[in-house]
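Structures follow.
You will see two complexes here that share chain A, one where it goes with chain B and one where it goes with chain C.
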Partner chain A sequence: MFCEKAIELIRELQRNSEGQLPAFNEDGLRQILQEMEALYEQNQADVNKAKSAARSDLIPSIKLRHCCLLRNQRCIMAYLYDRLLRIRALRWEYGSVLPANVRFHMSAEEVQWFSQYKKSLASFMRSLGGGAGLDITQDMKPPKSLYIQVRCLKDHGEFEIDDGTVILLKKNSQHFLPRWKCEQLIRQGVLEHVVS
Partner chain B sequence: ENESMSDSLSDDCVSQEEDVMTPAELISKLEEAWLNEKFSPELLENRSEVVECVMEQLTHMESNLQRVKKGDAKASVHRMEIDRIRFVLSSYLRSRLQKIEKFFPHVLEKEKSRAEGQPSLLSPEEFAFAKEYYANTETYLKAVALKRMPPNLQAVDLLKAVPEPCLDSFVFLQVKERQENIFVEPETDDQREYVVDLEEGSQHLMRYRTIAPLVYSGAVQLI
Partner chain C sequence: MDTQSYCPVPPGVGMEENFLSLDDILLSHERLPVRTECVFPRLGFLEKSSDTQDIPEATKMELPLWLSKGLYERKRKVLSVELPKVYREGWRTVFTADPNVVDLHKMGPYYYGLGSQMLHFDSPENPDIAQALLQTFIGRFRRTMDSSQNAYNEDTSALVERLDSLEKVLFRSGQNGLNSFQSWEKGQASQLTASSLVLNYRKRKLADVQT
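Moving on, here comes the complex of A and B:
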């Protein structure tokens, strides 16, 4: 039946809920585009027949095919756009460098869209407050306390805090650090917030 | 809490209209803008002048803090205040940016059809971002799918494809200036329209569309 592959594409995204990004389904996309091409060619042929031979009985099937074309177009747009929104959410979750397993699931064009999005966001944040700049991907939660206890989950090397002190983030070491300096490292899985 | 927040804001800030705001007023302006933006379904007018003043204050407070001795108890109180203000500011700018991304074709359309002299919805940097976001997304959709479709299906009207903000959603609000004869449209077919008076200080749950003009004028505060 027409449009079945398009629905399958949408279902695939829905199955991967909570912002997960499945591999880009280039094959599925190509199959839908092929179906669209076939529908379009049949319609062109029927339209010509309807005009030249006054075959008004062909008009309902032309209309049906056109609706299927529109539906396919809409499903493809929804698939692509929803993926962009998931990729966008990843920028806020992981920072500007995405983990390899996520990048692996993105198409070349999605990587391009993402790098442009990063650029736009960065220049937006740089130009805030008349050029003073503010990183709004930080401070995601209201501050409850100034310092938090964190445990290091992997070797991260040296890390400078505001007052110029440099500490070494070594695996399994524990530190008492300014909360806002740790936020991103926690999201990246370098540090873990120790809640006693 | 408000008071302690503003104690350490020392210089008065001069807004664009050249009236002098005290630090306490500035922070409460930021909080108003923040809550309104957080709870309104649509993007509100930009408040760049408040954002700029608050950022100036933050820089000022940071540099004051550098001069305080390490381990001073006062320093950590000030640090906490800076962190709080920065959170409110970032959260405010984030909710605006989220709406710009969510409704980008509509936001740009509104900006385009704005009459001269009417205040701009977007700050210059938000406008630049929205335009780039639109171009980037359109280019992407064209390259990946649209240009591979039949000739009559190669264009998509993003204004129709991207959902509009739902102005009929309900919001909580607190009245700051008494209002008379607010016209409330019926919610269902068997209801009739009616008018209400909103007393100062009272709280209500109403449809956003009904009170949107009062949010713009500052007569009510979304909570």
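Moving on, here comes the complex of A and C:
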């Protein structure tokens, strides 16, 4: 049956329904495009025959292949679009620098799209607040205090805060830090917010 | 609980399909029994049971929903679509008797979705199907809602396994509501947490190392 490869791509995304990004399936995509090419050529041949020899009995087959072409197109579009949604989400979850194992799963075009998205988002955030800029990825939950107690979950090295003090983020050490400085590290799982 | 920054394209409502929705694409991959009303030249290889070059007229075969929908026309009949047996009279009576006992995951898992899609094909039974779908949903909704609101910190797999995919989504959002209410009650709502996406990635990395 046609379009089996295309549904395989969709299933692959559906299996990771939490929003993880599976590796870009270039091979699968190429196979679909090959199938579409073959379908198109067969259709072209049949259309010519139907016209020249007036064989209208070929029309149902032409239509069937045409449906398959459209279906493949739809699956590819949905695959690529859903991946973009996931990549966009990564910007909000991880911040502007992605870990290598995530970046590894993106195609060259997706990497390019990601950096464009980063740029658009950054220039939008700069334009906010009367030119002063506002980081809208901060404070996803309304803050209750400026400083919070955090515990390190793994060694992260040195970390500089606004006033110039450098602190060493060592595993199991606890610190009292400005909330906006550590929010991203908490999201990345480096720090843990301690609520007493 | 936490805000998800990845929101997939939602499936279409009712008879509509959403072009980019993964769920709808999988739904339209469900197979339907059809009967061809004309010859399909040179596509015999699609029908595995015969060796002919063409698909002859009046062949009974199974085609995916998207293909049946694409080929189906009211004026020029290329194929006629038959009802899958869960939507037929016999099963409909079972559903109306007690919708709670049926395992919609086994029947479907897109029971409601596929049923609504069946309305695209002309059939005298269409109003009855629509009515049966609605009544089944109403009959089961209360139970789905109840169980999603009362299973806190429990293994929900037994509750979920008999649900249709639409009901599963409802169940999950009920659970999310319950969990965030509980964490608010415990005063944890303002605690900053690691993103679940990041945690999932780490889990997988650990699994990769172990294998």
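To be clear about the criterion, the second predicted complex is superposed on the first by the 175 of 196 C-alpha atoms of A that agree within 3 Å, B and C clash if a C-alpha of one lies under 4 Å from a C-alpha of the other, contacts with A are read in each partner's own complex, and residues count from 1 in each chain.
Keep this in mind: contacts are C-beta pairs under 8 Å (C-beta built on N, C-alpha and C of every residue); 3 or more make two chains touch, one makes a residue touch a chain.
All of these numbers come straight from a predicted model, not from anything done at the bench.
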First, second, both or neither for A:Leu134, with chain B first and chain C second: first
Chain B versus chain C as contact partner of A:Gln20, first or second or both or neither: second
First, second, both or neither for A:Pro142, with chain B first and chain C second: both
Partner chain in contact with A:Leu121 - chain B first, chain C second, else both or neither: first
First, second, both or neither for A:Met36, with chain B first and chain C second: first
Which of chain B and chain C A:Met77 touches, first, second, both or neither: both
First, second, both or neither for A:Glu109, with chain B first and chain C second: first
Chain B versus chain C as contact partner of A:Leu64, first or second or both or neither: second
Contact residues common to both interfaces of chain A (with chain B and with chain C): 70, 74, 77, 81, 88, 141-142, 179
In the complex with chain A, residue positions of chain C that touch it: 3-9, 19-23, 25-26, 29, 38-43, 46, 64, 66-67, 70-71, 78, 187-202, 204-205
Touch list for chain A against partner chain B, complex: 29, 33, 36-37, 39-40, 69-70, 73-74, 76-77, 80-81, 84, 88, 107, 109-110, 112-113, 116-117, 119-121, 123-124, 127-130, 132, 134-136, 138-139, 141-143, 146, 163, 178-180
Sites on chain B touched by chain A in the complex: 51-52, 54-56, 59, 70, 76, 79-80, 83-84, 86-87, 89-91, 93-94, 97, 101, 124-126, 128-129, 132-133, 136-137, 140-141, 143-145, 148-150, 152-153, 156, 161
Complex contact set, residues of chain A against chain C: 1, 3, 7, 10-11, 13-14, 17-20, 46, 57-58, 60-61, 63-64, 66-68, 70-71, 74-75, 77-78, 81-82, 85-86, 88-90, 92-94, 99, 101-102, 140-142, 144, 148, 179, 183, 186-189, 192-193, 195
